[in-house]
Structures are given as structure tokens and as C-alpha cells.
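Each of the next two complexes has chain A plus one more chain, namely chain B in the first and chain C in the second.
Entry: the complex of A and B
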């Protein structure tokens, strides 16, 4: 059985892809790069960050390339003024509310799109305190961009532990555990998947953090040892 | 499991889409959502605890601390605001012994502000234990709280 192929044009390049391919994947085929933030090859795409929006001729609104399937005969522009403006505004809002100092990819995008986050100066920033409740990793949600990847790998996309999810709403949304309990009191198994998929410095291995702080290696081991193990001499 | 909780669960099938009605019923019963009930709801609906917490924290209607025996909502909608809601709020707070929104230590009063209670023609308005009182003045607020406190005392 042969797959049905469709033809479309991305930034002037004609391309043929199997029906059902997302615009993002089709663009990859056409060697056109679309910036992404929440999209991750191994988690379910949700179109949350809207950074991958593209202009499809005839469509009423910009389309999130990571979730929208390419249509036969579509003419897609990935870097039109409308697209650039949308991405710039998004990046400016992110850069003005979230600490992106440990996110080089985001910083590069802010520079590439000639963002001016200062125009939102004086606005509220997300500045929750760093959560240090276990020997494995730290959670600094002032750096969190709400990509949802940590929640996804904690749930049906990898580990099936369901320790994390969103809490709150709007500006106060934050990744949290049940009743904001310390991770050691949740279903968390410390698999580390969430740290691995975090696109910013929000989730960081405690050892990495302590070394950055200049703590001596022997002390680092002492500080990150699980309590149960200590008794087993 | 507490009897009240099992009785509430009896009226549901334990489906994911029933989470919000279940949360509402549980809150009606306890005036808030106790942690243990939240765990039981997770088990009953077979939805992770973190998800239940996510749903409950999303909606302004759900709370996690007990409320007072008397529940006062001061409307801060546009109509009430222009007709003096800030002064009404101040007056209610002063009369129940609070600085701002919150619950008194003796669990007698919970004071809340809401965006609109849907009777703009009666602005400024409040609800006192779900009963609407409109066209308020500071004086009327004082009298209302006094009268209600007297009612409670005689019961």
C-alpha cells in the first residue's frame, strides 16, 4: 500500500510529503528552520508556546507548525513580517517575565528577532523561590517557560509517575506537585527525565548546581546522598 | 473513607469528566477541599493526584482552607466599583474584624471579593450567605452585619 503524498510550497520551495505530516516536519524536509520552544521530538506536541507559528496563505490566523498538518497545495511562509512580529512579541513577553539568563537558545532567538523586552519594563516578573526539597534536583520556576515537557515525561510520554502538573491559572500558573508537597512525598521516582527535557535552567541536577556554586566534590557527594543509603554501611 | 465522602461518590460513576462536579459537592460538604478528600477523589476517578490538584487550583471557586460560618462576597464589578465598592469592602472588613479578604481566626466570617454577582442595577451589592443585598451604604452594611450576627446568636 503506497502512502498518499501531498504537494506544498514552503518559503518558495516546492516539497512533497506524506499526508498528515505537520508543517514543522515538512519544513525540515525542505531545509527550512522553524524555531520551537515547547516542541520536543519525544513528547506529544501541544502547540503551547506558539513560537513555531507560520503564515499559511488563505488561513485566517497564524498556524502552529508543530501541530497543524500540511495541506495539499498550501503555500506557507515561515518568516513573513506577520510571523516575525508574532514571534518577536512572544519572545519579548517571555524575556520580560522569565529569567532566561541560563537559556542560550532563547537568548539567541531574542537577538535574532531583534526583540526589545525593555518595552515591558516595570511589568510583573515571575519570581518564585527556588525549591530545594530533594537530593537530586532543584526547581527554579523563575526560569520556567511553561513548555510542559517535564509534565509530559512525568506522565504518559515516558515515566507514568504523574508527580507533576500545572497548578493555578494565568500568570500564576506554575508546575507543581499535589498540594505543593516536597517531591520526596510524591510519586516521583527521581528518574531525571524532567531535568533532561527542560529547555531552560529551571530544572537542574543538584550536583551540577553545587559544583557551579564552588562546593568541593566530597561535600557535593555528602549533600546529594539519599538519606536511606547513609544508614547502609 | 469518611461517610460523607462515600455518599457523594455514590452519586457518581468515577469518570474523569465528573471531577469538577465531585469537587463542588465535596467543597459544599466541607466548605473547602481537604487534602485527604482530594486523594480519595483521585482514586475514585483514577486520575493522578497532581492532575486533580491542577484542576482544583485552576478554578477560583475551589479553596483549600476552611471558610467561616458566614460567607460574605463583596462585588467589585464595574458597576459596583463606580458606585463605591471599595468603601463597602472597607466597611464590611472593619465590621467583621478583618483587614482585607480572608477568614477570621474564630472561623466566624469569610470575606471575599468577586468580579460580578450579576445584579448591577443594585450596585453596590454584596452577598451574605448567598443572599443578595443591594443599594448599600456604609450605614446599611453596619446594620446588616449587626442584624445577621444577632440572628445567629438567637438560633
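Entry: the complex of A and C
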């Protein structure tokens, strides 16, 4: 069966893509770049960071390009004033509550969209303490933008261990283990996938962290190496 | 029913139960034992403010605020054939005259009770009572006399719109789900009522659970589903208990289960207990929750009609939507479409709460004005000396409408146009003592806490808005805050993933639209016009004080100083602004004054 193609216009560029293609992928075809944060090519798209929102003529709300399939005849605007305003507000909110010092991509976006995070000065910051409960990696959720990638690679997208999930509500929502147990007491197998997909510095290999802290390499090994299988907790 | 066959109905909705109505029922039953008077309990009768309510049918004699000690005279009047007990009559607040039957009470006479027709009349735990009122006739008619297409067409033609608040045409939803190809489909009932001050769905489930089951079964037949779930919050134990009883009775009688009414249609219903997250009222979050995951919404499309519970086509409607279905099937789409306005058909059920004389459950035809609901049915302000200020509909997604909108017709589109929304049916009335900035803060506090935290605009944006509102009510507001709130509101509405975030800024936007001067007073003059925001008010004793010492003795922080029979004064550094002095100062003396704004600045 031949694939069905649909026609749409993205920022004035007409394009033809197979039916079912997301707006994000269609935009790539049209050489239009849509910024993403939670989207990652190898994890299931959730459309939760809302940075990739675009304006589709006739739609009531802005649409998340990474999950919404392009419709035949759609007219999409990826940089309309409404879109830019939504993105700018989002980035400002993230930049003012989350520590983005180790997220160059986010910093670049903050600059590109001429954000002014200072207008939220005095607002509450997300500052949970760094969790150092295992020899493999640290979790600094003050840098977490809650993109959900780590949860997904830990679950159905890669490892099927389900050690990570959400906890809390509202502003205090954060990635956590079951009953906030230390990772060593969870199903975690320390595969490292979550560290690999983290877009900020929230998840960091412990050795990398120690070297950053100026600890000598021999000491780093000493501090992170396990003393043999038998002694494992 | 013969003329002297009397039935005593005692309301046992959650409100009346908490006011000891089960004990009253027991007393009534033992008192009337051996007589030919039947005693039975019902679900919510609606006039919760006057509960517990006892009604004697067929006359419709209405006894309000019945206490245990009142049982004896009631039993006496029934047994001895004497006249009704006049001292228990409901008194008209205007004329102070006792009204003997509920037909005379404006609260009831102005209503149109269709969805609630059985609530307060039948025993919700007895299927025979429901059957006697024509129960399951609609299901019978649908299964044996109609095709699924005809049922969907009837719902389409009736013009019924979703009673959860969104107002999406129910028939279209049914059509989408019917058209979705699949062997397995689901019918879900959203009973995760979570708006502050709303109890319509609970009352329907407690008072007439079979109507909801029947509606769901008809829906199952129409769309081709065999299984239904009612997602009911665990905070509604009475509703869950009565639903469970109803489901079991319906199964026993062959109205649910395999081969309904000996036909070849199978349909069964189970209850799913929700853990009380407000966001689970959003359809995709509700579905995620039933699947056993954390209740978080998904991106739509795909809509549940195509890919819902366990990725199967799923129909999801509100409790009251399903309760309407059997009426449409029984009486025809044309009959239903003849009620209400052009675009909003049927009736609307509201839970009236707040500073209103008659709190309770009301059902009115669409198109009636807010004024009629609040002043004719609701009896006006709780304290007749206070002025009406605003009415809040639609819960945390809705808005506050001022007095100038009282003549707005109650229908989906007019309320949206006014900046509020129909919502599921919560209606909170506010008087002049309500600070509208504080109301906005309250709702944002609610949505901020109830946000699931999945998408960025809702998780961070509601917090930012709440922070700004808290600053304003606590006297730290600064110029530019209003504009920042408006800007944030636009960003959150446009960017959020689900309905919770997309509507969360509404309470702020409507209060800004209609009560902007209050925001400005808080920010620019450090004044709370309603004299409610503690950080912006001070209490003072005027020189008319007679020195009775009542305030001094009641003050919990010993902030009031003064000798007996001499002028007292308040040490502001000790005052916690609890307001007790204001409350206890004898009305004749009335020497405590609340000041706000510039006055305070001059004094300090």
C-alpha cells in the first residue's frame, strides 16, 4: 500500500509529508526549526514542556508540535507573536525557578527569545537538596526541568526498571523514587540511561562531579569504587 | 395510593446525615410502628440549609430543621390524625409566615426538577422504588425498540451538552465513539467532582444512583461497549456505598450483566475509587488514573473517543449527563429540546453555596437568569443587611460575575461570553465582605496545589501568579503586578497541556476585569476595600466605648487595655487582627472600627 501524503504550510513554506507525521517532523522537512526541551528522538514524546507549541490556524489552543500530527491543509505558524510570547513566558519561568547554569541549550534559548527572567524576581525557587545516595550518580533536582526523559528511559522506552517517577503536586512536583527511597533500595540497575538523556545538569555521574570539585583522580576512584561484590548493600 | 396512606420521607443526603437524620429516621420508625404510615429515607432533597428535612406525602408537608425532640410531635400528628406541626414549617424569610408544603416554598416552586426528579423522593437503596418511577424503561426501550444509531441520533437531536462544564455536544461524542472501530470499548462516568463548594454529582449519586447506571447502560448499547466504570472520588463514601448497592440490585434483576433483560446485550459497571486529585476530573488524567498510573493528563488528540482507556475507544461523560439520557430516550429528543434556550437544552443543576439564604441543590431550566436563581430560589443574601457583590460559577476554571451581570441568562455561551463558565454546577455567592483579590488568591492556591506538575506553564505559572497575589493581599503589591498577572495569564492559558492549566488563570482574569479597582486599592493605597486582608487592616476602639470590658476579656493576645467603665484602646503591636473585639462589642455600643488604607498610614 502506498503511503498517503498530506499537504501543509509551515511559516509560508508548502510541504508534503506522510500522513501521521508530527508537526515537528514536518517542520524539519521544511527547514523550519522549532525549539524543544522535553522532546528527545529516542523517547516517547509527551508534549509536556510546551516549548514546541505552534499556532495552527483554526485551532483553539496552541499545539505541541512534537505530539500533534500534521493535518492536511493545515497552516502552521511557528514564530507568531502568540507563540513567541508563550515561549518567552515559559523560558522566563524556567530560568527564574530552575538553575540553568549547566544547560547551554536553555541559556541559548533564553537569549534568543530575549527573555527577562528578572521580572519574576522574588518568586520562589526550586531548591531541593542534592541527593547523593549511590556511588554512580548524583541527583540535583534544583536543575531539573522535569522533561520526563529519565522516567521514560527507566520505563517503557528502554530499561523497563521503573525506578523513577513523579512525586508531589503542583510546584513541588519532582522526579523521585518510590517513597523517596535511596536508589540502592529501588529496582534501579544503574544502567546510566537517565544520566545520558538528562538535558540539564540535574543528573550527573559521580566521578564527573568529583573531578569538577577538584578531587584528584586517584581519590575519585577510591571514593566511587565498590569494594567487591560481597560488600554491596 | 389511597388518600390516607401517608409516607414520611426523611432526607439522608450527606448534609442531613451529618445533622443526625439517621437517628431521626430510627425514632420515626419506632414511633410509627404498627401504624399504616410508611417511613423511608431518600437522597438529597435540595434545601440543605434547612436540613434535616422531613416530608409527609402525599400532601407534601415540609418540616425543616427537624431535631430528635421534634419526632414526637410529628409522630403524634400522624397517628392521631391531627393537623401538621406548624412550628416546624419553613418560614418565609420575607413575611415570616410558615409555609406548610414544599409546593408553596419559592425555593421549590421556581425549579424544574428533571435530573433531580427522584432525588428526595425515592429510597436510593431500593431498586423497586426506582422501578416504580419508570426506572429502566429507557434502557428497555433503547435495547428492544431502537437501534444503536437511533439512540445516538436521539441524543444528538436532543441538543444535550456535557454537564461536566465544557458543554461539548454529548451526541457528537457518542457518535465519535460509536464510529471508532474496535471490539472493546468503554463507557466511563466522571464522578470526580472536585470544585470547591460543589456537590451536585454527589447528590445525584446518593439520591438516584440507578438513573446514572441506566444512562451508562444506554450509552454502552449505543456505542457498542460491554464495560463501564464510574470514577468516583473516595471522599464520597455514601455515594460509593449507594452506587454499590444499586449495581448489585441491578445485576440481580438483570438490568446489568450478561443478557440484559433477557436480550443479547451485555453490559456491566464497576466503581473505581479516585484518590481525590482535582486533575483527575480531566478526562485523559482520569483514564490514566484508572489504568493504575499517576493521574496526569495526556496530550489530545488522540481523543478518548479514538484512543482512551487501555488504548480503546472510550466514552466519558459527567454524572448528570448520563442522568439526562433516560429522560431523552423516554420522552423523546423533541421534548428535551423544547426545554432551555436555543443552544443550551434541558436543565442545569447548581449547588448554591456561600453567603446565600438557601444553600442547597437546585435545578433550573437553561436560560433562567442568575438573579432568579440567587434571589428568587436562593432567597437572597444570608445576611439581608449585606449587599450582593459577586457570584462565582465554574469553580477554579470559572469566574466571578458582578451585580451588573445578574440578568445574564444561565447557559453555556452567555456565561463564557461574560468571562465565566457554566462549569459542573458550583455556584458560590459572595457578599460585600468578600475581598475579590483574596478570592482570586484562594482559587490560584487551589489550582497551584492541584496542578499535577506535568507541563511547565501550569506547574510554574500558577505558582508565579499565586506568589504575586499573595504579595498583593499581604500589602507587598507593587506597580506593574497587575500587568504581570495579565501577561502570565495569557501565557499559561495558551501554553498549558490540559484544561486545568488552560483555565486556571480565569478567576484572576475575571476579577481583574470586574473588580480591578480592588486590586489597585491593595497595591496603590494599601487598602482592602472589603476590610478582609489582615495585613491591610487595623482595629480601633472609638471614643463611644463604654468600657464594658467584653472585648478586653475576649482578646486572646491581651492587646486591649483599659479600666472598667473607661475608654479602652488597642495596642496595635500586640493585635493579631482576629476580629473578636469587633464581634463581641455590643451592637448598641458598636465602638470597634476596622480601618484600612490611607487611614492606617496616617496613624503610623
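One rule holds in what follows: the second predicted complex is superposed on the first by the 226 of 233 C-alpha atoms of A that agree within 3 Å, B and C clash if a C-alpha of one lies under 4 Å from a C-alpha of the other, contacts with A are read in each partner's own complex, and residues count from 1 in each chain.
Basically, contacts are C-beta pairs under 8 Å (C-beta built on N, C-alpha and C of every residue); 3 or more make two chains touch, one makes a residue touch a chain.
Predicted model, so just to flag it, every value in this text is computed and none were measured.
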item	value
Touched partner set for A:164, first chain B, second chain C, both or neither	first
Touched partner set for A:5, first chain B, second chain C, both or neither	neither
Touched partner set for A:67, first chain B, second chain C, both or neither	second
Winner by number of chain A residues touched, once chain B and chain C are compared	C
Chain B versus chain C as contact partner of A:176, first or second or both or neither	first
Intersection of chain A interface sets (partners chain B, chain C)	165-166, 168-169
In the complex, chain B residues that touch chain A	35, 38-39, 48-54, 57-60, 64
Chain B-touching residues of chain A, taken from the complex the two chains share	155, 162-169, 176-179, 186-187
Chain A - residues contacting chain C, complex	46-51, 53, 61-62, 64, 67-69, 82, 85-86, 88-90, 93-94, 96-97, 119-120, 122-124, 145-146, 148, 165-166, 168-174
Residues on chain C engaged by chain A in the complex (per definition of touch)	277, 294, 296, 298-299, 301, 448-457, 459-464, 467, 471, 484, 487-488, 490-492, 494-497, 502
